[in-house]
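Note that subunit A is present in both complexes that follow, paired respectively with subunit B and with subunit C.
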Partner chain A sequence: MDYNNNFEHKMYAHCETGTLVSLLNNAGYKITEAMVFGLASGIFFGYLDTKVFSFPTFIVRSKPGEVRKNLSKVLNIKLKTFKFKDADKGMQKLDNLLAEGKVVGAQVDFFYMDYFPQWMRVHNNVHFINIIGKEGNDYIISDSYNREIAKLDQSLLKKARWAGGNMAPKGFLYYPEKLNPDVDLKKLIPKTIKKAARNMLNLPLSFIGVKGIYKFADKLKTWSKQVRDIEHFSHEIIKINILLEEQGTGGAGFRYMYAAYLKQAGEIMNSSVLNEMSEQIMQIGDDWRNISYFAAKIGKNRDLGEDRIAELSEMIRKQGDAEKIFFTKLKKVY
Partner chain B sequence: MTKNNNELTLEIAQLLIDSLNITHVEAKDVNITTPLFSEENELELDSVDAIEIVVAIQRAYGIRINSELPTREILNSIQSIADFLIKENATEKVA
Partner chain C sequence: MKEKDIYVDFDAHKLVFYVEKEDNSYGPIISGSYLSANYLDDHWMKRKNLEEQLRNQVIANEISPIFYYMTFFEMGPKDLAIRANMSMRKLTKTFKPEGFNKLRVAQLKLFADIFNIPVSNLFQTFLIKDDDQEKIEMKQAATDNELYHITIINLK
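Right after this comes the complex of A and B.
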C-alpha cells in the first residue's frame, strides 16, 4: 500500500479521541487517549429531550468536535480544519494533502466504512477516521475501531464525507499544522479538572451535568407513556446500554477513561489525591456499568413493568448523588 | 495449577454459554478464533450480549475491563478474551 510507512496504526476506545491521538503521536507529539480526553475536559452528562431527537436520549461526553477544539486550545496547538460545499473540491483537497505526505483526519458516516461487517454498520455522521494514503481508487484508512489498516473505495469515502442529515460531516478534514513543544502539563491539569467539575456542577441548565443525571432518573419513569409499544420501549431501554458501553466510550460512559486521565494526571502532579479521585470515579464507572447491564437485561427480556423502571431510575438517581459528591470534591482539589 | 490455552478457552466458552443461557451448542464445539459477534460464530450472539459477557468475565475472574485496552478488541473472540486474562494474570476463577 502506498502510504506513510512510519504511521503506526492502533485501536483506541473512542473514534474522536483515537483519531486525534494517532494524528498527534504520528506527528511526534506523544500523548495518551485518556490524556486527550481529560485535558479537553470531555467528561459530561446531558439529558436531551428536544425535537431534534425522535425520543429522549442522553450524552456522556462533550459534543462531537469539542474534544478536538478544547485540546487544541489547551495545548496551544494548531489543527488546520476544512469544510467543503463542493464534494469534488473536497476530494481534490484530500488528494493534495495526501500527496504532500500528510495524514488527514476526516469526519464520515460510519455506515460506508465497508471494512466492517454489514451487521455492524449503522448511519452515524460523527465517526472519525485517519486517511493515511491512496492506492489507485482506494484510500488507505486507519480507523481506531478496526484491528488493521484498511482500504476504502473513493466513491464510498465521498458518500461518507457528504452524508446528509443531523451533524452532517460536510467533508470535514483536519490535520495538525503546528505543535507546541513547551506544554506545561502541571499548569494545565488543574485548569482542565476545574473546568470538568464546573461543567458537571455549575452550568445553569436543568438537563446538563449532575442535574441532567437527576432529570434522566425522573423522566425515565415517564418513558412508558411516550413509547409506541413494548418493542419500542425495549429498544429505548437497551439503548441506555448502547450509549454507555458500545459507542466507543471506553466503558461506563467514559467514566473509566476519565479515571485513567486522573491517574495519569496524579503521576504528573505527584498527587495522591488525584490517584484517590481516579479510584472513586472508577467505582462510579462500575455502577454505570451495572446500570448498562440491568438495562440490557430488562430490555432484552421485555421485563419493563413499573417496578423495574423505578428500580432503574433509582440506580440512575444514585449515580447523580455519587457524581455530585465526586465532582464537588474534585473541584476543591485545586 | 496454571491452565493451558485449551483449558482456559474452553472455560470461557462454557462461561458464555452459562451466563447467556445458550442451549444450542456445547463449549467444545465453539470456534475460539471466530469473531464473537459475527454471523459465523456458533454462539449466535447479538450486540446486547456484549455487556452480559463483560459483566460475566469481570465477576468470574475478578478483573475490570476498562479503557486501557478497547473492549471491542478484548471481546473480539474467545481467544482474545483468554489473551486478555493471561495478560492481566487473571486466569483463575474467583466466582
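Right after this comes the complex of A and C.
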C-alpha cells in the first residue's frame, strides 16, 4: 500500500476521539483518548425524538465535532479544516494533501464504509476516519473501529463525504497544523470538569443532561405505542445496549472513559477527590451496563410487557438520580 | 467494570472498552462484542422477517420501494428528505406506489445512491433460496454507465 509508513494505526473506543488522538500522536503530540474526551468535556446525555431518526433515540456524548473544536480551543492547537461545495475539488484537495505526505481526518457517512459487514452499517453522517494514502482507485483508511488498515474505493469515499442529510459532512477534512507543547494541564482540568458538570446539570432544555435521562425513563413507557410489532419493539429495546456499549462509547455510554479521564486528572492534580470521583463514575457506568444487559435480555426474550418496561424505566430513572448527585459533587470540586 | 469481567470471545466484532485493570489503573482493552456474540442470531431473524414483510407490502402495492429501503435501513424521513433534496411532503408521496411511479430517473438514481443499491433494484429483488445460499453467490457490479449494473451469479 502506498501510504505514510510512519503512521501507526490503532483501535480506539470512539471514532471522533480516536481520529483526533491518532492524528495528534502521529504528529508527535502524546495524549490519551480518555484525556482528549475529558479535556473536551465530551460527557453528555440527550434524549432525541425527531423525524430525523426512525425512532426516538439518545446520545451519550457531546455534539459530533464538539470534541475536536473544544480540544483545539482548550489546548490552543491549530487544526486546519476544510469544507467543500464542489465534490471534485474536495477529492482533489484530499489527493494533494496526501501527496504532501499528510494524514488527513475526514467526516463521512458510516453507511459507505464497506470494509465493515453490511449488518453493522447504518446511515450516520458523523463518522470520522483518517485517510493515510491512496493506491490506484482506493484510499487507505485508518478507522478507529477496525483492527486493520482498510481500503475504500474512491467512488464510495466520495459518496460518504458528500452524503447530504442531517449533519452532512460536506467533504469535511482536517489535520493538525500547529501544536502547542506548553500546556499547563493543572490549569485546564478544573475548567473542563466544571464545563462537563454544567452541561449535565444546567442547560435549559428538558431533554438534555440529567433532565434528558429522566425524560428517557418517562418516554420509554410510551415506546410500545410507536412500534410496528413485537419484533420492532425488541429491536428498539436491544438498541439501548447498542447505543450504550457498541457504538464506540468505550462501554457504559462513555462513563468508563470519563472515569479514566478523572483518574488521569487526579494523578496530574494530585487530588484524592478526583480519584474518588473516578471510582464513583465507574460505578455509575457499571449500573448503565446492567441496564444494557437487561435491555438486551428482555429484548431477545420478547419479555416486553408493561411491568418489564416499567422496571427498565425505573433503572434508568435511578441513573438520573445517581448522575445528578455525581455531577453536583463534581461541579463543587473546583 | 473489572478487566476480567468484560472479555468476550468474539473475533468477528472487536471493540475497545475502558476498564479497571488489575493494577487498579483505568484504561482501554480490546474485547469481542457481547451483543454480536450473543444476539446476532436474533438480529438476523428479525432482519429477515422485516425484509419479507416489507417485500410483501411492495408486491401488494401497499408501499413503494423507497419506503421499503428507508424502513429497512432505519432512516428517519426527515433525514431522507434532506438527502434526496425534497420537502417532507413530497417525500411522503413517494412512500406510496402512485407517488413512486411519477419519479424521474434522475431522482431514482439519487435514491439508489442513498441506499447504495443499483437503480434496477428499485424494481426487482433477487432471492437465493435458503438451501442454495451456500452453493450460489451473487454480485452486482457497477459499470461506466451509472444506470446500468451487471448482476453476476456464480456457483461457488
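Assume the second predicted complex is superposed on the first by the 332 of 334 C-alpha atoms of A that agree within 3 Å, B and C clash if a C-alpha of one lies under 4 Å from a C-alpha of the other, contacts with A are read in each partner's own complex, and residues count from 1 in each chain.
By definition in this document, a residue touches a chain if its C-beta (ideal position, glycine included) is under 8 Å from a C-beta of that chain, and two chains touch if they have at least 3 such contacts.
Remember, predicted model here, so these are calculated numbers, not experimental data.
Taken together in the superposed arrangement on subunit A, subunit B and subunit C clash. Legend: residue contacts after superposition of the two complexes on their common chain; A:270 is shown touching neither subunit B nor subunit C.
In the superposition on chain A, contact is made by A:296 with both subunit B and subunit C. Of the two partner chains, both subunit B and subunit C are touched by A:282. Within the superposed three-chain arrangement, the count of touched residues of subunit A is higher for C, of the candidates subunit B and subunit C. Touch criterion met: A:235 reaches subunit C, while subunit B stays clear of it.
Contacts of subunit A with subunit B, set against its contacts with subunit C after fitting on chain A, overlap at residues 11-13, 33-34, 117, 119-120, 144-145, 147, 238, 241-242, 245-246, 250-252, 256-257, 259-260, 282, 285-286, 289, 293, 296, 299-300.
Those residues of subunit A that touch subunit C in the complex are listed here as 11-13, 32-34, 50-55, 111-112, 117, 119-120, 122-123, 144-145, 147, 155, 159, 163-166, 168, 231-232, 234-235, 238, 241-242, 245-246, 248, 250-252, 256-257, 259-260, 263-264, 278, 282, 285-286, 289, 293, 296, 299-300. Residues 1, 6, 12-20, 25-28, 30, 33-36, 38-40, 42-44, 46-47, 49-50, 70-71, 73-80, 82-85, 88, 113-114, 116, 142 of subunit C touch subunit A in their complex. Considering their complex, residues 37-39, 47-48, 50-52, 54-55, 64-68, 70-73, 76 of subunit B touch subunit A.
Taken in their complex, subunit A has these residues touching subunit B: 11-13, 33-34, 117, 119-120, 144-145, 147, 238, 241-242, 245-246, 249-252, 256-257, 259-260, 282, 285-286, 289-290, 292-293, 296-297, 299-300.
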